[in-house]
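Naming follows writing order (A, B, C, D and E), and every chain is counted from residue 1.
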Amino acid sequence: MTGVTLKDIRKAYGQVKVLHGIDLEIAQGEFVVFVGPSGCGKSTLLRMIAGLENITSGEMFIDGDLVNDVPPSKRGIAMVFQSYALYPHMTVYDNMAFGMRIAKESKQEVDRRVRAAADILQLTQYLDRLPKALSGGQRQRVAIGRAICRDPKVFLFDEPLSNLDAALRVATRIEIAKLKEQMPDTTMVYVTHDQVEAMTLADRIVVLSAGRIEQVGAPLELYERPNNLFVARFIGSPAMNIVPATIVETGAATRVKLAGDRVVSLPVETSAGELENKASFGVRPEDLTVATGDDYLFEGTISLVEALGEVTLLYVENPAVKEPLIAKLPGIVGLKKGDRVRLSADPVKLHLFDAEGNAYRR
Amino acid sequence: MTGVTLKDIRKAYGQVKVLHGIDLEIAQGEFVVFVGPSGCGKSTLLRMIAGLENITSGEMFIDGDLVNDVPPSKRGIAMVFQSYALYPHMTVYDNMAFGMRIAKESKQEVDRRVRAAADILQLTQYLDRLPKALSGGQRQRVAIGRAICRDPKVFLFDEPLSNLDAALRVATRIEIAKLKEQMPDTTMVYVTHDQVEAMTLADRIVVLSAGRIEQVGAPLELYERPNNLFVARFIGSPAMNIVPATIVETGAATRVKLAGDRVVSLPVETSAGELENKASFGVRPEDLTVATGDDYLFEGTISLVEALGEVTLLYVENPAVKEPLIAKLPGIVGLKKGDRVRLSADPVKLHLFDAEGNAYRR
Amino acid sequence: MMTQIVSAIGVMVAGVFACALYYWLSDKLLAAVLPVPDNNVRLASQNLNRRAAIRPWLFLGPALILLAVYLVYPVIATFILSFYDRSGGTFVGFANYRWAFFDAQFRQSIFNNILWLAVVPAACTFFGLVIAVLTDRIWWGNIAKSLIFMPMAISFVGASVIWKFIYEFRGGKETQIGLLNAIVQAIGGDPQVWISLPFWNSFFLMAILIWIQTGFAMVILSAALRGIPEETIEAAVIDGASGWQIFWKIMVPQIWGTIAVVWTTITILVLKVFDIVLTMTNGQWNTMVLANLMFDWMFRGGGDSGRSAVIALVIMAAVTPIMIWNIRQANKETGGH
Amino acid sequence: MSAINPAASLRRIGLPRLVVHLSVLVICIIWLIPTLGILVTSFRDAGQIASSGWWTAFTGAAETSAARLGEPSTAKQDGPNYVISGSVFEKGKGGSVLAFGTKVASPTEFEAGKPADIGEGETLTVNKDGSYTYTKNAPFSGDRGKRIYLSVSSPPSFTTDNYRTVLTSQGIGQSFVNSLTVAIPATIIPILIAAFAAYALSWMQFPGRALIIALVVGLIVVPLQMSLIPLLKMYNEIGSFFGVPSRSYAGIWLAHSAFGMPLAIYLLRNYISGLPKEIIESARVDGASDFEIFVKLILPLSFPALASFSIFQFLWTWNDLLVAMVFLGTGKDQLVLTGALNALLGSMGGKWEILTASAFITIIVPIVVFFALQRYLVRGLLAGSVKGG
Amino acid sequence: QELKFQPGQDSRFNWKSFEDFKAAHADLKGQTITLFGPWRGEDEVLFNSVLAYFNAATGANGKYSSSENYEQQIVIDTQAGSPPNIAVIPQPGLLADLAAKGFLTPLGTENADWVKTNYGSGEDWVKYGTYKGKDGKDAYFGFPFKADLKSLIWYVPENFEEAGYEVPKTMEELIKLSDKIVEDGGVPWCIGLGSGGATGWPATDWVEDMMLRTQSPETYDKWVSNEIKFDDPAVTGAIDEFGRFAKNDKYVSGGVAAVASTDFRDSPKGLFDIPPKCYMHHQASFVPSFFPPDKKLGTDADFFYLPTYASKPELGTPVLGAGTFFAITKDSPAAKAFIEFLKTPIAHEVWMAQTSFLTPFKGVKPEAYANDVMRKEGELLTKATTFRFDASDMMPGKIGAGAFWTGMIDYVGGKDAKTVGGNIQKAWDGLK
């Protein structure tokens, strides 16, 4: 099995500890995405897998072999850099062929593999161009092509799409998805800032924060059942609305009193000892709807309406809560600034976190 | 009135014609956003308003005065550059004060205005820092602050948010919206790639393509009633699904036969002479729903499911149409790859374009 | 002594100040002549545009005047002189050119110059590059760089003295005081009179210039190397390239432009340098180069302005292709803005 | 990625570290040897310089020298023999005698400490410490002391006399000041002028710009010797027209400025045209004139390039002799340091010890300048012309 | 500046001439006169000590300066129109050139006559100071002051004594002595031609001396004026005479290979090595300044006259010399007065009493010479039957300070005299 196994991997730059013990198993053929705020150590981890950074302590296995001291070129990996890192003085063809030529592959083999990769990525007509004569998206594809040519066991991507504009980003994302499909046995590790990428591409997402893993799981699992406040707010855009609350009734279903004194019932289990505990109540903007009746979660004044055509964002303020609640309503909504609205949500879509930020399981 | 008027503005770099006659009236206090694909001339047009590029032919008026030969500093404009363009060797304070000092404003006045701007942008505590000690978002705010200090009649932004990461982008976008609110009399012209920005900020959007204006209108107008295929596909993400069609019945409501032989009725008017004409039928992904009954627009096989949590994208293929149709469904949908689905939509949300790509008006 | 220092400082400040004052005053004057009233946008913008049209010439003025007086005028004078006899009095047509064509020493100099041009810029650039790459990788790199830069601070005459102590030859059984011969002797070879070895002696002179100029190349190339995007090197590491391959296939091609500039600068220097040849051999043992030959004809024995002018023109002609290439390059860059 | 320093990544290229250290060390040594040679030489005395390699200066060598024995009149009678004794060393000097001889052709014929029969009934013993007894079985004749030859091992000896000679020679302080008076403005003025010109050539629009760039680049090659006579003629005419001395500091500043100008413009333009366009446009929008843009933005932002070029220009002017001789003259109160040191060498030249010591004295100022500005050098010159620098 | 010797105090000096001069030129007070010449270092100090007497006598302000490249400098200065008042130049060739371009002021016949009568071989000296002016007519331009004597062989008397060698009286004996030294296992000669940019010139002195010892003075003069070619047998013969010493591996210290590269300043040091690297060294009167500092002239080192062939008695005792000429490059009363000053014995004696100065002026007191060696040299100079000026200094600069040097290097490097002479002649033809 060509998986990647990390055992208590730590990294420090001099005194600065960047990673504090990462344990992770990546199965062969899996597509794993690392997400996390800027500076949390995603790139560092990826570069350690690539062999571009030394491992301070811990053990890393690729394909079952300990690779701590194996140089990058012997690890059977390929990497796509955020900045493409194309060799600016070589044509597309030469860029893709470079690794194979270094490895002294036969001319025919080089040509075959370059053309195959170019074909997959629709680059055939650009093979003779220099990188500077390509658009951003094409460059990105060359970078991927270069990686494909190496025929790696493990594919590493470091924010490959972050330099692209929105349209290209979508298109390239889909191409990566297709690529994965064509190479089912290749393990892929992908670093991104972008949620949409993470959600659409990943088999499993690893959420990192400050050098630690917060949660590992399938995309929808993270979306629906975040382990803690951090993951809850990190996944989803706009972020989940969080309202301070106090538990007023425990049991298989829990009742909490929100700031602003509304009492809400959620289908999560709490133990009796937790009565009166402080908690955080969470609801995603897209789960909120405008309530017509009295059964609502929250009432407030609209401070801003952003009509995006497809959806409309309402920013709803209430003196009892510091930040405005955001509601994301489908289509175009007839409400305007200053209107008073009541918001409600399906109880199963509600989240509750304890004072430490850990989620109450349902 | 402090508006900007462009009369048949053209621009050529040597032989290369970049703008082919732009006519546009921007009213005082309006927030106008230029959008368009990369290279269409947005920046060039903005820079011509600023006076940074010569006008090849045509006339430009600011505040009723012909400004073709007026240097930038006398046009009463301020500009925020994509790359911030902060003076790297000056503190935030000096960066903001630079223009006023050049204009020999009194010390008190400079101080007053810098502090006022810093206040608005929450930069007060960073006034003594050098740009390199600021985060990207803070730098962007300094760039805006510098523009505010000039107290301009016209505010020009060239993709001010494109260097920021997603979260910052949202936050800064909201700040710009607030800014506009605080300066109701200031005209703002804003260039962006990003639809969300365009939709949320603009009073009117100008869609440019290859040096020409395709459509000018309020955001929702463009979204709901695009003038032509280009605008239709450009506004909205994912782009509007387009299916080739033939008009089979004309009149106040029109019936068209889609590729794949479904016949659909739309509330658009066509004249009898247009019978049997080729047309393009359009429907936005977010307007599609999964049809349960027989009343559907389109049937196909799901080739890809992207579950984003909040919404799910279905890519539906049908042999009669080259590209897959995309449907954007709210929430998490229980469909999977290979499933056969039927899609339908509210007839009022359907679009029809003639062979030249112009929309049939409803 | 104190008064000398004070007066020297005074003179220096006055000189620099006067120069700065020109720019300041000319700008003030421009502003005064073409006022920009606040209330009249039309006049203001008209005058601003006029200022913008005049200002480049104010900025360029001193430079252009200096260039015209100190370089262009002498070049023209030289051109004219090349058609006159030794004292510049009688017109002799192309006689000086004819002389040059048939003069053995002149041909020798051309040959040597070609040799110098082939070796020195290449060697300086090569060593500079290698040193820049290597010193970037070690903690005492800056110290090493300073040491290698140090010869730049030594005058050519001083450098020649230094190298005399390397090349010095003592005949017979005497102890060698020249390092090179001492080494040769220590390893069992026969001491040589290095600076009179036919053909090879030019290379021993070149070594001096290489020794001096490598620091220049190193400093500039080192800055360029730091501009290479890190990721391309990492990508090559992942692609399995060795250090050597990375250097030649990834790093060198990316700083090609800078290498060309360094090469050009040193090429020009080589064509102009004569102090080293003058002090080491004065062109004897067939080491003559054009610059030295020109110097010779210009000053020795009362001088021959005609012939030295011809040589000067040949030197300038020799670099013309390189310069044209550079000018193209410079103008291409300007295309952007 | 920016957090990773380039040095760290270059390190990963793959050559073993030790090899890198060693090769740099070797290169440094090769580069240093000539300089080291001259440094050592400058601390030796003239005689040693010509007779042994500088690298032997530290080991202490066996030197042969001559000494004169006591005059016959100092002989004392001892039985049938006459004896002259004393020390071969002059007062205050010492060493260890290894061997001695009485013929100049074979100066190490006899071992020290052993009596040597030198014919005609004479025996001579020279001990290691230099004391000798010279015995003859008959009275000594002649009026001069006998010359003998010794091989003496002497400890390494160094002297600071050469430096003293140079530093205390007349007018050296003055010429030091003169050199600075020439070099400092001759460094600053051309940089200022060239920076203005480079700015105009990179950022201002005007007809003929490409032509001027071509001209400037083309003029880099003009050999300056060519221009000396026409220029000096002009100086004299101007001088006599206005009744001022034709040779003045202003004159040499301008000459140095002009000769350095093409290269200065060429290099600075490379840098200045690489500054971000938006910053300059932004300042234009802010209402800054080109003059203000130059003073407030370009000057501070191109400081690294200015610093780098100033190192080069300073080195050139500081080490220059020719231009100074022609445009400043050779009088005592205008003589620059290079000129003064040159004069010290004497009309026949060839005083290695003075040459080497003065080479080291002239080097000091440029080295100080270099160290003061080198941190800019590293990231300075041409940085604008290379992407990302 | 202080006067080195107080006027009137030392009887070795002709103080009267000083007082007379003082009385005659009191009107120059405050005038400035600039002099420019080749002397630097110690020589500059010495000349300044002479200049001080002029300043003291006249009240004028005489300023001397020099330069490493004084030959170029004087060309630049005169051409550019900013010459000193007086240029001091050791090459008549260069002076002739300046005179031809009209940069020199003629000194007049009275000065020529004075030199003719008061200098040893006065007529020759006048000849060397006479050039064609801009108008093409001969005129007297250069006033000789300070001479160098070239035909000297330096040796260490004690080394000769020890080995039992005698100072040779004829060329034949000199050659025999050389052979004897070789036989004894020694090396007779130290020859070094190295001189940086001027490498090769010491060989020209050899050739000139040999020329005077094999050919008549008239032939020598024709050679100088190129009336006989450089590859004429007369010339190549002289070159080969030099070759007899320099191109014999046994004769020269370090072997022939070392000749061209050994610096002429280091070369004499071989005399004083223990054991000696050589026993004899041919060089001009200035060379003691390159002896090790502790060597005393007269006891530790001495010279003898480079002897003539006994077989050619008709050539007499020719002396090869050189000297510096003072020429007025910018006329002024003070400049004229300075030339007058040079005619006073005191101007010579002040320098004579220090070091490295010889004068052909017969009016000086010989006892003013600082030591016996100098006095002996001075005698040689004033008593010479034939005095000839260094030929290379009189040839056109491109030859005398160029092709000739290079030719000699080539010759020592292995080419034969005929080829070398031919090359030099070709260069000379190229100048015409």
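Annotations
In this text, contacts are C-beta pairs under 8 Å (C-beta built on N, C-alpha and C of every residue); 3 or more make two chains touch, one makes a residue touch a chain.
Every value quoted in this text rests on a predicted model; they were computed, and no experiment measured them.
Counting steps between touching chains, the shortest path from subunit A to subunit E takes 2. Between the interfaces D-E and B-C, more contacting C-beta pairs are found at D-E.
When chain centres are defined as mean Cα coordinates, E lies farthest from subunit B.
The chain occupying the central position, as judged from C-alpha centroids, is C.
Each chain gets one centre point, the mean of its Cα atoms, and the points for subunit A and subunit D are 63 Å apart. Look at where the CA atoms of subunit B average out and do the same for subunit E: the two points lie 93 Å apart. The mean-CA centres of subunit A and subunit C are about 55 angstrom from one another, to the nearest whole unit. Between the CA-based centres of subunit B and subunit D the separation comes to 67 Å, rounded to the whole angstrom. For subunit A, the set of residues touching two or more other chains reads 52, 71, 82-83. Contact with two or more other chains is made by residues 69, 76, 79, 196 of subunit E.
Among the residues of subunit C, those touching two or more other chains are numbered 52, 229, 231, 234, 237, 242, 298.
Within the complex, the subunit D residues that touch subunit C are 1, 4, 6-7, 9-15, 17, 20-21, 23-24, 27-28, 31-35, 37-38, 41, 49-55, 173-174, 177-178, 180-181, 184-185, 188-189, 192-194, 196-197, 199-206, 209-210, 212-227, 229-231, 234, 249-250, 253-255, 257-259, 261-263, 265-266, 269-270, 273, 277, 289-291, 294, 308, 312, 315, 319-321, 338, 352, 355-356, 358-359, 362-363, 366-367, 370-371, 374, 377-383, 385-389.
For subunit B in complex with subunit C, the residues that touch the partner chain are 65, 67, 69-71, 73-74. Every residue of subunit E that touches subunit C in the complex is listed here, in rising order: 69, 71-72, 75-76, 79, 91, 93-94, 97-98, 100-101, 187, 196-200, 252-255, 257-262, 277, 396-402, 405-406, 409, 413, 426-427, 430.
On the subunit D side of its complex with subunit E, the touching residues are 46-47, 50-51, 64-66, 103-107, 147, 149, 228-229, 231-233, 235-237, 239, 246-247, 321-322, 325-326, 329-332, 335, 339, 342-351.
Those residues of subunit D lying in contact with subunit B across their complex are 276, 278-279, 281-288, 292, 296-297, 300-301.
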